[in-house]
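Order of writing sets the labels: A, B, C, D and E. Residues in every chain begin at 1.
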Amino acid sequence: MSSLINATPVTTENLLHQVALLKQQGCRLITLTCLDTGDGHEVIYHFAQKYEMIHLRKHVANGGTLISISTIFFCAMIVENEIKDHFGIEVHGLPIDFQGRLVLSENAPRAPMNKRCGMEIDARVPEPASTVVIAPASPPAKEAVPQTPAKGGVA
Amino acid sequence: MNKLTLAIGAVVLAPFIGGLIQGFDRVLTARMQGRKGPPLLQPFYDILKLLRKERVVVNSQQILYAYMHLAMMVLALFMLFMGQDALMLLFILAFSTLSLVLGGMSVRSPYSRIGAQREIMMMVAYEPILILMVIGMYLVNGNFRLQAVFEAERPLLLSMPLLFLAYLTVVMIKFQKSPFDLATSHHAHQEIVKGLTLEFAGPCLGVIEIAHCYEVAFFLGLVGLFWLSNFWIAAVLMGGVFVLSLLLDNLCARLTTIWMFRFMWSVALGLALTNIVWLYWH
Amino acid sequence: MSQKSTIPFGPQHPVFPEPIQLRLVLEDEKVVEALPAIGYCHRGLEKLAEKKDFLQDVYLIERICGICSFMHSMNYCQGIEELLGLPVPDRARFLRVIWAEVHRMHSHLLFLGLLADSFGYENLFMQCMRCREDILEVMELTAGNRILLTTCCIGGVRKDIPADQMDQILLALDRVGEQLVDLRNAFSNDYTVKKRLIGVGCLTAAQAHESGAVGPVAKACGVALDLRETGYAAYKELGFKTITETAGDSYARMMVRLRELDQCMELVRKAIQLLPAGPISTPFKGNPTGEVAARIEQPRGELLFFIKGNGTKNLERFRARTPTFANLAPLLQMLPGCQLADVPIIVISIDPCISCTER
Amino acid sequence: MPSAAPTQLWLVVALICGPIIFGLLAWLAQSERTRNILVITATCLTALAGVALAVQGPFMLQAGPGTGHLGDLLEAVMVAVVLGIGYKQKIWPVFAMGIVQAGLVVFEHLGKGAESANPTFILDSLSTILVLIISIVGSVIVVYGIGYMHVHEHHAPPTTASTGRFFFFLTGFLGLMNGLVLTDSLKWLAIFWEGTTLCSFFLIGHDRTPEARRNAARALIINVFGGMSLGFGVALAQHEGGNGSISNMVQSAALLPLVLVVLATFTKSAQMPFQSWLLGAMVAPTPVSALLHSSTMVKAGSYLLLRLAPGFVGTNLATVIALSGAFTFAVTSAIAISQSNAKKVLAYSTIANLGLIVACAGIGTPMAYSAALVILVYHAISKALLFLCVGTIEQQIGSRDIDDMSGIMLKMPYTTTIAAVGMVSMMLPPFGMLVGKWMAIASSGHAPIVLLLLVIGSALTIFFWAKWLGRIITTAYHDHYTVENLPFSMKGALSLLVLMVIAGGAMTGVIYRNYLSPLAKVTMSGSPLANDSSVLLKSVDEFMGWPLITIIVVVAGVVLMALLGLRNSHTRLPFLCGENTPSGTRTFVFRSLMDQPVTAHVSSFYFAPWFGEIGITKWANPVAVLILLTLFVRIGLI
Amino acid sequence: MKDKVRFDKSPWVVHFNCNSCNGCDIELLACLSPLYDLERFGIVHVGNPKHADVLVVTGSVNYRNARVLKNVYDQMPHPKVVVAMGVCAATGGVFRECYNVLGGVEKVVPVDVFVPGCPSRPEAMMDGILQAAAKLDEKRRNPDVPVAVSTDTVVRLPAPEAARPALPADTASALATPMEKIA
């Protein structure tokens, strides 16, 4: 059972109100999805009442910030941090702010999920000059040559 | 001098016996789990390998504690065969365990420390029972010296059956078997990685493994003490205890330190004390 | 009086087959605070799915997680099929259920093994793994590979299961069923197992709902939440009923999975019985357009894929919310107050799949 | 026993009055330098006199005429001081007990008329041991105090003048203790007894903080109560026709005075339920704690009990005493586990060991008696050493919390090594403490409850020592030792004590065989279990031979081997689940959330819910009181 | 050969999962199961690098787990060998092009044996571990093999694009060949 998206648009002002309302109705939060729309970001809130899905859609302009709903649904905290990691959107009111380091490490690319710095345009931060390159210590004598695994199994 | 020869012989042979027992242990365990299991001599392969590896330490004190552990263990075995005072024997054993604990504590590595402190808890849990066992021997023979046990006609088991049961729990702890494999987690290492032995590597670990061979031989030897008058009954007793420990290991989950503590100080200690009081009134 | 201890639990820790770090703050051995540090398994698969074309994505998305791999590709295919308005042949729907349930069995058996290992019951671990080998054999027999089946494709399945293989499956299920009797006995009646599981990592139904728990974690608290009830694929025809327990502790979570194993066998048998004849896939043309939120019940709970197509062969956005991600918040609620010895049990009891979580 | 020679008379005078006089001079001294010289003179004098006296052998000394009246005077002065303190500091229980004591003194004199017996001083084996402990260990502590107080003065409000006063009480303490163990006269015993009480009151309250005042007052209340009990006991003994000497009291069959005196010894040696004063005494500067715990004050109680032991051996009284001591041993060992304050751990350990001595005195076989003696001697040395180490550590790191002591091996290797030796000497072979414990357990085979308590207690002891020892020997990954800078007096005192500990450990067999064992055999020959015990003693004797030497050789050999093995070993970072930070100096730092470094730290286990001080004391004190009440039940009084 | 230590008789294994999808990990667990029984070769799965001889790595390396892998390798006492299990550990596999993937294990630690497969089959895994164990003796004798990499080295990895080796077979695209034609 999958449902096409019929998302209710919300604004910064009534977002928290709407979410609180949904919580009153007994909804649970499934997750948040963020999309890069070019002129900004779109955040879709997926809720569910039993099996019925309810979506909210929130637009975030470039350089804009998102208000955390973790005061209402604490579990939103992790996914909001992830959005911050992936898209570089500032999220306000996070109980635990991972500073954009939830899944990405310090020398990993910044905001890699954005279109404008996706895989085509390398978003990786330049390496510091003091980089020590760890080369393979000795040419590994390969006992078994890595082969292309015949995937799928069924020929 | 005959006693001395015997004691020296025991010290030389014990690691081989202990290693073989451990080998049997691993094979039998594997069979119980429906596996083929390692070769019988696997513990020796392991120890030989460990001794040849690079000597890696976190700090220099560790070596001291590993060797002290072994040395005290050997000494305890030696004293056992020399028929020395049983109570002092226990203190020497405690010294051995304690030096391993100190080795674990001497590094600030978290799991090593937790393992070490658990090991102390285990010591605290089983020490009273061992001491009561020795007191039981004293009440039976009127002497703390093991020599008296060697010379006694009547098997100890008949006088102290409950103490024997209590002692079995100690054996389970010392063999690091479920439900008591808490501090070093020989087989399952899910809580504290390798616990106490975590930071020992290479030859130091090998030394500890040898000491464990001694330990196994020693504690099984103590089982034999319960029926010294007949070699075959003693052997059956030892074999029975060994198989029982394996069975329990394969039938139990690892329980917690707190559970162990409660169990040892209620059930096991209760058994031991009942036996002591019984002996006392006799 | 006493100071608190701070220790790392992971990423390289034998209890975790996958890297995750829990920063534990302890008082003696009691956990007072647990914070997760993730990212050791983050690859950036969502981005790669946008770069690949949507047909290739089936194989990529299958590798979100090796344990519940079939479910991932199935959910993805269902989502794309919905975007394309593509009908799936009946036989394909039943075959999908068979593979999905077999996959659930292998996952639950693995869970039981790991749980047994987490409380140091080596023998039980071995028995679970041996039982699981029968399931893996079934998978190898029907798909050619033990773990990653790659049999699902957009519009149906890629490969049929012939009748003789069906018999083999039934035989294997009988063998598993026999072993399960012993396993269930050991898991539900053993004194030591009960001692370690009952009352450990308790979660109430209200907490579970509030923190968004899914799958067996929610079902163990009495929250009947199983997407198979919505009747995707062929579950409607098979008459599925959600299994729940009420205690909400690790033991209840284990019992949910044990009972689900029986249910899986029942479902597979029924599906084989009712298996209609016919084609196994529908050919199609065109590229997906629009947004869809596809959901499916994975062994660990509700799996949500948000897929947005833009009419080209590349997807505009692919997003996965895996069940372990949803169960992280409940996990953090369960950990404080437990003993260090219970940490592995509680963590394993949610059946974590970090690879899913971080993608 | 031969009468005393003139030299012995002078030595006794020097031992008792010397420290007091020099202490008084030190108080009056204007400069620190002069004071230090005077204090050192006093300690050297005491130590030399003590050794000289011990070498000369046993004697009996009848003090000259007129000293009896001196005793009356001193008795009156003591009571007056107690009353004065009670009134001035508004410690009303003390005041009330002071009035009772005054009444007792008046009554006594009215009843007996004007004649006062002259005191007798006796030096036998037991008092020789005590004199040696007091004059040597005590003196070393006082010397340590010089360096310690120099630093302490800068931290605490007291002035130079008050430090002078401090040293007066410290050295005076030694003099009074010497008197206490040398006298055979009950009256003089009570005088010295009260004197040590007052000294300890001033020493505990030395820092003049509200806490110090409170604890000093508590110490005074409990000890004056003990003193009162002693006073009654003495009066009763004389009333029942004794000649006022301890030896006479031991021989007489009257149990009631004995019980009262035993009660007094319990207060002094801080047995449960009287343990709280000794714990409160921890607020005092470390030399005071060391002195109170190891060689003086608490030893006064156990000394008197050992002295009286032949008097109650084999009676019901002995059973209760043994039970009470064993109970204290087990309970305080348990509480010690839950303590993170190093001084409190030591305090509880002291109480526990005193409990062991009391239990041994109660068991009363020659074996038990020799166990008590072994513990008495070795505890004095080791505990003094440990207290001084803790004091030094506290001054250097500014904390006495056990958990703060991890890594001090690098900061102050000298003190830490010494402390480690001290701790090892408290629990492992071949050191005397373990031998004592061993003999205590071995001799309690006939009393199951006492045995159980001893066994449990001894297991618990291992716990807190091991976890503390493990804490201080912890070193980092790269060893960068910095040797601490200590004043000469402190360093000297520590070195001297550790040498004594090691020498004592190496010579356990010699000391035991030549001094302690014969004494025990003679004193306790009246024990009904003496025959059984002799079998055990034979076993101990044998152990003191080659097995003990073997242990020593093995330990030494392993230490050497380990030193040799160091060369070809490599260091690796510790296991932190793979998340070590790559810096060599921050070894125990792991990366955690947001890649931020966090220091891994494991504190010791305390098990506060099980072994918490408050929780255990709540039920253990009433139980202890009950046991004490049975003392009176047993002699048919209630 | 008399005094030769048979390191291959007791290779102790430590396993580290980098970016793996779990496929290889659960197959490694299957190796321990009664059907395959790794222990019959004396192979023990220890959780602690300090006790291990063989490091088994599954999955590709990313920015965060690279330093963990390096630490685990460094903490193992010499002689030691590394087995790269599965195609991800060899090259990065299907995830090679992901932004957070650096590539194969070889980027961080020297690899001695590669085991192919996605996931590798248990038989291949056991063979790989045993082949690696056979190299332990040689490694012990050979002084050229670095004993210990300095632990003070800061693990900073090269930008993945530059360091990515030209692979003989592009695993990722091979994997992603449209297969519905077959069906």
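Please note the rule applied: a residue touches a chain if its C-beta (ideal position, glycine included) is under 8 Å from a C-beta of that chain, and two chains touch if they have at least 3 such contacts.
As the structure is a prediction and not an experimental result, all values here were calculated from the model.
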Discussion item. Return the chains shared as contacts by subunit A and subunit D, ordered by label.
Written reply: C, E
Item to complete: Find out how few touching-chain steps suffice to connect subunit C with subunit E.
Response: 1
Fill in: B-E compared against D-E, more contacting pairs
B-E
Worksheet item: What chain sits nearest the middle when you go by CA atom centres?
Response: B
Discussion item. Need the most distant chain from subunit A, centre defined as the mean of C-alpha atoms.
Written reply: D
Fill in: Between subunit A and subunit C, centroid-to-centroid distance (C-alpha), Å
22
Worksheet, complete the sentence: CA centroids of subunit A and subunit E: separation to the nearest Å works out as 30
Worksheet entry | Mean-CA-position distance for subunit D and subunit B (Å) | 36
Worksheet item: Which whole number of Å gives the spacing of the CA centres of subunit A and subunit B?
Response: 54
Worksheet item: Got the subunit B residues that touch at least 2 other chains?
Response: 33-35, 54-56, 110-111, 114, 189, 193, 198-199, 201
Worksheet entry | For subunit E, residues that touch 2 or more chains besides their own | 16, 34, 46-50, 62, 64, 68, 71-72, 77, 97, 99-100, 118, 147-148, 153-155, 175, 179, 182
Worksheet entry | In subunit D, residues with contacts to at least two other chains | 570, 572-573, 575-579, 593-595, 600-602, 604-605
Fill in: Chain-chain contacts as defined at top
A-C, A-D, A-E, B-C, B-D, B-E, C-D, C-E, D-E
Discussion item. Which residues of subunit E touch subunit B once you look at their complex with the stated criterion?
Written reply: 5-7, 9-10, 12, 34, 37, 39-42, 44, 46-48, 50-51, 53, 77-79, 140, 147-148
Practice prompt. Spell out the residues on subunit C that touch subunit A in their complex, using ranges where they run on.
Written response: 35, 38-39, 42, 44, 46-48, 50-51, 59, 78-79, 82, 140, 143-145, 148-151, 158-159, 209-212, 225, 227, 229-232, 290-295, 302, 304, 306, 308, 316-317, 319, 321, 325-326, 328-329, 358
Fill in: Of subunit C, residues touching subunit E in the complex
11-15, 17-19, 39-45, 47-48, 51-52, 55-56, 59-60, 63-67, 69, 110, 113-114, 126, 129-130, 132-133, 136, 146-148, 150, 153-159, 280-281, 353, 355
Practice prompt. Note which residues of subunit B are touching subunit C in the complex, please.
Written response: 29, 32-35, 110-111, 114, 178-179, 181-182, 185, 187-193, 250-259
Worksheet item: Across the complex, what residues on subunit E touch subunit D?
Response: 16, 48-50, 64, 67-69, 71-72, 74-75, 77, 147-148, 151-155
